[in-house]
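Shared between the two complexes below is subunit A, which has subunit B as its partner in the first and subunit C in the second.
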Partner chain A sequence: MPKLLVCYKWVLNEQDIKIRPDDLSLDTSRAKGKISDFDRNAIEEASLIVEQQGGTVDALSYGTSAVKQSVKDVLSRGPNRLLWVGDPSAEEADAYVIASVLAAAIRKNGPYDLILCGEGSSDMFYQQIPARLAALLDLPCLTFVQKMTLEGGAVTALRKLGDCTEQVSVTGPAVVSVLSEINKPRIPSLKQVLGAAKKPSEEIPIASLGLTPEELAPKAVRKSPKGFLMNRKNVVYKESDAAANVAKLVASLAAEGLR
Partner chain B sequence: MSILLTEEQELIGQSAREFAKEYLDPIAAELDHTGQFPAAIVKQLAAQDFLGLFVASEYGGAEAGYVSLVEVVENLSRSSAAVASILVNHSLAAYAIQRWGDAAQKQAFLPALAAGGTLGGFAVFEHGPTPGVGPNALIATKHAAGWALKGTKAYVRNAGAADVYVVLACTDPAAGAKAQAAFIVPAKAIGLSVGPLAETMGLKGCPVADLVFDDVVIADSALLGGPTDGQTITTETLALASVAEAAQTAGIGQAAVEHAAAYSKTRVQFGRPIATLQAIQTLLAETAADCHLARLGLRCAAKLMDDGEPFLVEAAMVKQFLARNGAKLLIDTVQVEGGFGYSEFMPLPRLFRDIAGTTLLDAPADYPEKTIAAALLA
Partner chain C sequence: MAATFIFSEDAALARQLLTPALALGQPVVALTTDPAEAQTLASLGAGRVLLLKAAATSPEALAPAIAELLAKEQASVVLVGGTLRGKHLAAHVAAALKAGLTTDAKALALVDGKLETQRILYAGLAVSAEVVTLPAVATIPQRTFLAPAPAAQAGTVESVEVAADTRVSVLNVTPMESEGVDITAAIKLVSVGRGFAQKADLALARELGAVLKAELACTRGIAEDEHWLPIERYIGISGQTVKPELYLAVGLSGQVQHMVGCRESKVIVAINKDEQAPIFEAADYGIVGDLYTVLPLLTAALKN
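Take a look at the complex of A and B:
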């Protein structure tokens, strides 16, 4: 029976984030958390594999204390157990730190036959975690996966490239990062939501992972993220002749460099 | 976690919202246009456990309670209040059977109602001003082997689609409204027929019709509660209807406010978006506040139900508040959107028609002010 792990990130719902018009800073005061979009696909794929073949799925996340809010949401979507590392260091963590923490937690709780991730997170979209995890765990890594099977310990994956696809297979444990087209994440039923409370979850103290201060120090420091506001020109062409309006619009677009 | 919702209740609301966006948003306008009963959607409601939402787990329900019910109803109504209306009327039948049914009745009906194999309907109203009075009143006559039902129930929702109805009938024509009993009647009972579907202003897709009983013979085991419990069953079940329909109203209002707010940011008048105008901001703020206050009130009533506390007065308060403010939510949001909002290619006309239904239909047994005043003056 395969033992799977799926990594996910608890991010702020971008629909709740407001941009302050005066300085374009982000107002996240009323933003709720959510499972990062691609990670929902990873959770679904891991759950489908186990539902079809048997086995177990652990879910793992590293975040601030807010990650605790994700426990029942994630468990209602299929995983059998949830492990989470909640620590203030996650606030400033870059891909290097995130991968270091996740890899240490995996070493502590593994081994796993397959590790699934989303291709990138909804907030930072570094797209580095799967590759870094694979490197730290000395495992093969398959990215941009839009279709996959797990048979007899071998993963066969269809990778989506720029203008083509390629089929790849690896034997043994691997890290796989999935795209949104791989599946349609389930909407948990009421019984699945209520059943989540009965599944085990465990906080892993970051101090128990044996990480050095260097491994918890971000290499890339994020500074004052700013919003982007699209300023519309609000031009209205009011000629009675529609053709004249179109001509003016085309001329205006051409003047903007659109041809 | 919200001060009024547990983590599970928030997740249940989130699941209902996800479901509504995925499955109801794409069909809501078409449903309003065709009025066809959405049988496939009802199956999906069952798959999400919504049809057995508060039914006890021993009968296959989710046993998630009434706060969860109103969370689901509100979030479905933000996309399609008609689909939510099907769920609400099904839930009224399930509620009555769970609340007053004996062990055999619960075992016979609740598992199928919870799983979605059986859709329920609740038949209370008649064409006369008061059930049990007038030429078309539904009369239940006792026979040695059971009861015979003759007459008509009016404005029955889920009519024709439901597999089982909880029906209020008069057991003594001389006593009229004072002698009411409730019965569980299968839709396929011999002599029971469904009248023509009523053309309704809104909530299209949730069928409304008369149920015509032509000497429908049912066994004693169909009697729900005691032979004089009909009025109690009606009063309490319609109070649940008031709370659930308040959730529909809040959901419709929320959808309208969000649409109008988004529109106001893109609609330019006098050289700037109308969202910058104080008059528009006032309309949006008032409608948003009304939705919020309604939500607090209906969640409070639902929480009382979950706690097994009396809730009729709080349900009446919610009904009264939205009877006064529900339609105004749509009048004001249409006002924000002006001529565009009035156009059928925009969603507000559908929401306008639907909110009229959720604030008018399933009136409580007495007008809400009477219930509230009676509690105050007792």
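Take a look at the complex of A and C:
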């Protein structure tokens, strides 16, 4: 029976983030958390595999204490158990730190037959964690997977790489990153939501992972994120007479030399 | 002396990487698996070119060997072409070197012994600087820089035998179906979204495009979920980035993941029935209305 791990990140919903017009700083005060979009596909894929062929799925996340809010949502999507590392270091963590923490947690709780991740997180979109994890754990890595099967310990996958697709296979434990088109994440049923409350979740104290201070210090430090300013004319024609609106737009296009 | 290393399996992108690499002011060493490209890179300013000889030449398979080579060479900065294969390679290399990695760097500079880069966060909502301790790795998207002019003196080319990682078997590679249209070169684009109820209705956008002499573009959903248009026509964070004179967005809401691919357009026009859609904040001109009414009127008006 395969033992699967799926990694996910609890992120701020970017649609809720506002830009302060005075200094372009980011106002995240009203932003709610969510499971990072592509990680939902990874969770779904891991859950589908074990629902079809048996086995177990552990979900693993590293974040600030806010990651606690994700427990019910994640467990209602299929995983049997949730492991999470909550630590303030996650606030400033770069992909180097995140991969160090996740790899240490995997060494402590593994081994796993398959480790699944999303293509990238919807906040930072570093797209680094899968290949970094594979390098740290000395596992082969299949990135940008559109379709996959796990059969008798062998993974066959279709990777989508911009200008081509590539059919690949690997035997034995591997790290796989999935694209959003691999599946449609479920909307958990009431039964699945209620069932989630009975599943185990466990906090892994960061101190128990044996990481050095160097491994928890980001190599890439983010400085003063600034909102991207949309500087547009914002002329909107919204009369009830569609033909009048069209005439005004045509005049505007002519004025811009774009007719 | 500290050197900047570059690698991309995409020949055009490898040449483009020379421009930011040379601008950092350190000697530049190019890695390539292509003998013909090795000469080109040497002629364009790479002081040394290491021609990698291996049984497999995919970036993913070469990642461990390249990481080992970079560690031995004590690379200070590594710039990798930001294709998906390149991103895989760069992340592996960064992990092996215990290094930071800026994904999709738009600008780079060496400041006080660190690599300062610019990149976007939250799918394009924000821009952030990253200060990366050396050794530092960065991936750079296609067409961020122009390839440099030939250098006064060509660099040297050395061959290096490297071992490929054979754990992953490649069974089959299928080139993506392509119409051969480069929408990044289009001067005008009519871009369609989920406001269109069915594929046949895209004819309305095509007719408008014909009058405007515009190419057709689309959102991720239209290409990836509905498959109504080929993926080379979709605009957004994981698709194409365009800067046309006119970007006419029809029936698309203007989510930040889409807008990041078109927000440097000169003029943005929106047609959407939802007045609250974020596309109107990102547009110069807009019409609030049903595209099924507005498009035929607009096409007819532009014909006259």
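Following the convention adopted for this analysis, the second predicted complex is superposed on the first by the 233 of 259 C-alpha atoms of A that agree within 3 Å, B and C clash if a C-alpha of one lies under 4 Å from a C-alpha of the other, contacts with A are read in each partner's own complex, and residues count from 1 in each chain.
By our rule, a contact is a pair of C-beta atoms (placed from the backbone, for glycine too) under 8 Å apart; a residue touches a chain by one contact, two chains touch by 3 or more.
Treat the numbers as computed from the prediction; the structure is a model and nothing was measured.
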Larger contact residue set on subunit A - subunit B or subunit C: C
Partner chain in contact with A:193 - subunit B first, subunit C second, else both or neither: first
Which of subunit B and subunit C A:245 touches, first, second, both or neither: second
Touching partner for A:76 - first (subunit B), second (subunit C), both, neither: first
Contacts of A:234 with subunit B and subunit C, given as first, second, both or neither: both
On subunit A, the residue positions that both subunit B and subunit C contact, one per complex: 234, 236
Subunit C - residues contacting subunit A, complex: 60, 63-64, 67, 83-85, 87-92, 94-96, 98-103, 120-133, 136, 165, 167-176, 178, 188, 212, 224-225, 237, 245-246, 255-256, 263, 267-269, 275, 280-290, 293-294, 297-298, 301-302
Touch list for subunit A against partner subunit B, complex: 69, 72-73, 76, 187-191, 193-194, 196-197, 234, 236
List of subunit B residues in touch with subunit A within their complex: 7-8, 11-12, 14-15, 18-19, 22, 47-50, 53, 62-64, 68, 268, 271
Residues on subunit A engaged by subunit C in the complex (per definition of touch): 12, 14-15, 17, 19, 26, 94-96, 99, 120, 122-136, 140-144, 156, 161-170, 180-181, 218-228, 230, 232-238, 242-243, 245-247, 249-250, 252-253, 256, 258-259
